[in-house]
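Both complexes below contain chain A, partnered by chain B and then by chain C.
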Partner chain A sequence: MTIQNGDEAAAPDRFLSLQALTKRYGDTAAVDAVDLDVRKGEFLAMLGPSGCGKTTTLRMIAGLVPTTAGQIVVAGRDLTNVPPYQRDMGLVFQSYALFPHMSVAANVAFGLEMRGMAKADIRARVAEALQLVRLTGYEDRRPGQLSGGQQQRVALARALVIRPLILLLDEPLSNLDAKLREEMRNEIRDIQRRLGTTALFVTHDQDEALTMADRVVVMNKGRIEQTGTPEDLYERPRTAFVAAFVGRTNRFPGTGAGDVVHVGGVTMRCARPVTGPVEVMIRPHRIHLDGAGDRRADDNHAAGTIIRTTYAGNVVQYDVQAGDTVFNVEQSTDATGAIVGVGTAVTLSWSVANTLVFEAAP
Partner chain B sequence: MDERPISRVLIWLASASFLFLLAPVLIVIPLSFSGDVFMSFPPSSWSLRWYASIGQHPKMIDAFFFSLQLAGAVTAVNLVIAVPAAYALVRLAPPGAATLMSVLTAPLLLPTIVLALAMLIVAARAGLLATPQGLFLAHLVVTLPYALRIISTALATVPVAVEEAAATLGATPLTVFRRVTLPLIIPGLVAAGALSFLVSFDEVVLSLFMSGPRLSTLPVEMYHHVESRADPLVAAISVLLVLFTLLIVIVVDRSLGLARTFVR
Partner chain C sequence: MSAAATAQGPDQSRRGTTFAATTLLVPILLINAIGFMLPVANLAVISVSEIRSSGAMTGGWSIAKWTTVATDPFYWELLANTVRTSLIVTILTLIVSYPIALCLHRMSGAWKSILLVLVISPLLLSSVVRTYGWIAILSDRGLVNSALAALGAQEPLRLMFNQNGVIIGLTEILMPYMILALLAGFGRLDPRVEEAAATLGAPPYRVFWRVVLPLSLPGVALGSLLTFVLAISSFITPKLLGGGRVFLLATEVYDQAIVTLDWPLAATLSIIVLVVFGLALAVYTRILRQIG
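Then we have the complex of A and B:
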């Protein structure tokens, strides 16, 4: 492995480069030889279940966790062994981690003070940062006097005011309630776009990852499962884990026999030929009831009976028994649309392209 | 305040407990204003003569000032030792930190008389008996566990993330401690300091073993006085000590809030 420098490093698509980054605790690898390149100005989400290594990766980039092996290179500079206070990373914590004994202005000013900036310049930059997060007028408040959303905006201002190399966000929205979370999503995204800051966002929430990020890295058991645009991950998942973790899906064990798979009494054609034990995944909203949706000649079909109907406002969820298999089907509602009752016989149809197959895990 | 009904029995029980705890003070105060030559309760006449007579006991006054200096020095050195020690135990958490903490706070559980005996033997051999240094070291041993406990608890309540945030913003470890950790544990420091001071100032058993005819602390001097004479002088001194203690508690309360400092 070579340490890049000079012109090669300036390549904008390798602004942050993780090279075989590894963190071992005893015998278990929390992060296992992760390779990742992040473009300058990109908003990258790291998505995965708890314990998948995403937070450890972020903390290694921030310098808060020593690496076991591998390298962290930012803008051509190897930061692997640089202490956190010399890294110029802006970190936003899930718990906000504001300084409770300092005012909002003092919190935001802290990083600039550490850089020995002149008082007048600090005041101007703090005002600018607070305006960015719409907290002008809150300078003299203490963190304890602010709501959770306001505290997180102070934390964002505090991290951004130092003009960090990379903005690191560790589950920043997890402590907020649902409505605020959605507001903050847009706010963080807008600010990041406006400033052009490279951002790394760690989350276990697939909605956050899909809606906010330019690219998403799905992690599992310390390794990267797949890296791609939100659409890549949703429409073209490379592993069963990604298909199941990103979005809701039907997940059936089956047997591949060339162009078709047999799933508990239902035979369906799939996107690629497979043999042996497989897992079949079909998104619930890509399955149509009876005549609904665009139909194609080569669509898969299954006859079944509705055994449960759940009305959820924007969608109706049906459980449909077809053969030995229960299909979860989701149809968007319409003011004029009727809801199909339990016990009704229906024909399900879905396209071959939406029939994803994966070799079953041994 | 929430208004929960409190059972009558509980109120009686609490009142009785308070009365029991305060009884010595309630007896000492009237006794200190006695006009009698001997301690007797209730006094047959009232006067301020015993307060006035404190001035005629230079040994008492010397002992008071020595106790004050001793407690002050013990408190200062205590904090200087306990803060880094607590930081190492809580934040750096070396292997065996929990065991180490138990060992370091063990003197809290040991009967003072056992400690005093052990120290007497060591001090006699080292030639530290009846020296300020000997008393200082002895007091340090009994007060350090208090300080360590309180400061460790205070440190444990400071979220690590807050310190990490400061580090990522460019603060060196020392700056993080000075600008973030230290201000957040000040209530713990004040509590630890106040408690060290009071424990040292109050200490009788150890001081009795470690002091001599030419050097003694106020409680020891008072003890000797009562041994030889039964006049109400010590009652007058006791009342002043109660006021002095109260003053410390009030200062702590006014500056930080008592509940915040001692009740954690």
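Then we have the complex of A and C:
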């Protein structure tokens, strides 16, 4: 981690580089010509629905799935045809995949043993790794005697102790309960930052991707839809898929007519001129809800009636019928705020910037 | 009254459950007692009965057979040969069956079912028939030796009527049992765990020695116990392929009981076989505790 070779220093933005990486099973492409560059020390999340090719991509980087075409280059070295045991990748599995017949210490020591390290050095490194994941004192336990969260931390220590080129995490949190998941999120993030390890995190959970990653890659049907910071993806989604997959959104079919779009009886202005069939997306919490006739300075307005009210603690969700369209609107609550009842006439207001339009899929 | 009844309720129902469970055990206990315990006790009695040279029992008691077995080196040799042959058969069966079982374990879908049926299908044939099949293959003019002769071999290989024939025949005949036991014991093998070992730097042979083999040991132990016990008690195959020149406990029991009509000696040897079974089971339990 301290010594960098020439290639690495020359291309720090391309520590990991996937070039037209492809995996085909018969006629279907699980991963279809994916190009991706990852910076050294970066925490990158690959986000997408199941079957989008994110796990296959990760497994190709680890060397567990042979590639059909394309290249995997790490630190200037082409690893495409290198077997997994010579790649120096630290992989954490969804199921943890600990060795059930070995103690915690032996699990963590395994990778170092394979590298022929001296016994005393192994002991020191194992102790250090277990301290890192706060499992000192658990050396002699078997994986079967640990809780899910503890097993997860052993898996993390086992992958990190070999000081891998890249830490690969395959849905590592999906087998944990909600509270533990949040805890582990921060823990993994902190450890990754402290060690400066480049990490690739595969998840289908957008919250995980947005909160943990420096950059997020959204994948769909074997292709990358968009790569960007969490804010890029949320505020400036490039495709309808990204807008719908990252965060909650209203999704309306409409017709573009220059600067305005007609959506089921409501006409709204949008950020860029469009014509023909489009999809319009507006995030529920970016729509203001006011009494009938109370117009804000916002550019888009719609008059409607509340048809459903759902109280969820931190927010109230309203379904508002405006024209032929039902808007989902979210308002944050506070102790003094009143909840607007069903049947109330209201005015919806939202800005042009928050009116995202996409050409409808043919 | 109702309070007392409620307090008694759970207790009574528990007693009821225990009673039901015990009742369910009765049939198997009866069968075991009549079909196994009694005959074994009978064997013990016969082994210390006195007989005339004709084989007829006098009604008196004698420990002559036990002293004969204990002092005659022939019987010690017989015991050693039996255990040795069974161990060799067990190890060979394990070596041949392990790759097949591992391959089957890793397959899925229709091919797995088809191959599994193929593996079990020899059990549909009686081992007598299968042994005759081996005679056709192994005899001096059998398949193997005809092929060798065609290749220019002067002398036929002695593959039958000796230890070789017994070992070859038993190994093949016991393979289905071994494969099934191995498959049953491979439950802890997880492809993800093997992948984890690979990403940590273990080449395939080290993955096998450090992960696959240790995790498959329960299956290996179970299969070995089953094969060893079946090898020791098998009698038709050693009889036919050994041609009367291979002496094993099971064949000797048959000879003493049917040919020589020395029932006490046959009973004594039978009990020795039982003791060997008991020891094998003890070793198995011990090993299982260590690897579990």
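Just so we're on the same page, the second predicted complex is superposed on the first by the 345 of 362 C-alpha atoms of A that agree within 3 Å, B and C clash if a C-alpha of one lies under 4 Å from a C-alpha of the other, contacts with A are read in each partner's own complex, and residues count from 1 in each chain.
Criterion: a contact is a pair of C-beta atoms (placed from the backbone, for glycine too) under 8 Å apart; a residue touches a chain by one contact, two chains touch by 3 or more.
Fair warning: this is a prediction, and the values are worked out from it, not measured in the lab.
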| item | value |
| --- | --- |
| Joint occupancy of chain A by chain B and chain C, clash or fit | clash |
| Touched partner set for A:114, first chain B, second chain C, both or neither | both |
| Which superposed partner A:172 touches (first chain B, second chain C, both, neither) | neither |
| First (chain B), second (chain C), both or neither touched by A:162 | both |
| Partner chain in contact with A:85 - chain B first, chain C second, else both or neither | both |
| Common ground on chain A, meaning residues reached by chain C in one complex and by chain B in the other | 62-64, 83-91, 93, 95, 97-101, 110-111, 114-115, 158-159, 162 |
| Residue ranges of chain A in contact with chain C within the complex | 62-64, 83-91, 93, 95, 97-101, 110-111, 114-115, 158-159, 162 |
| Contacting residues of chain C [partner chain A, same complex] | 188, 190, 192-193, 195-203, 206, 210-211, 214-215, 291 |
| For the chain B and chain A complex, residues of the former touching the latter | 159, 161-162, 164-173, 175, 179-180, 183-184 |
| In the complex, chain A residues that touch chain B | 62-64, 83-91, 93, 95, 97-101, 110-111, 114-115, 155, 158-159, 162 |
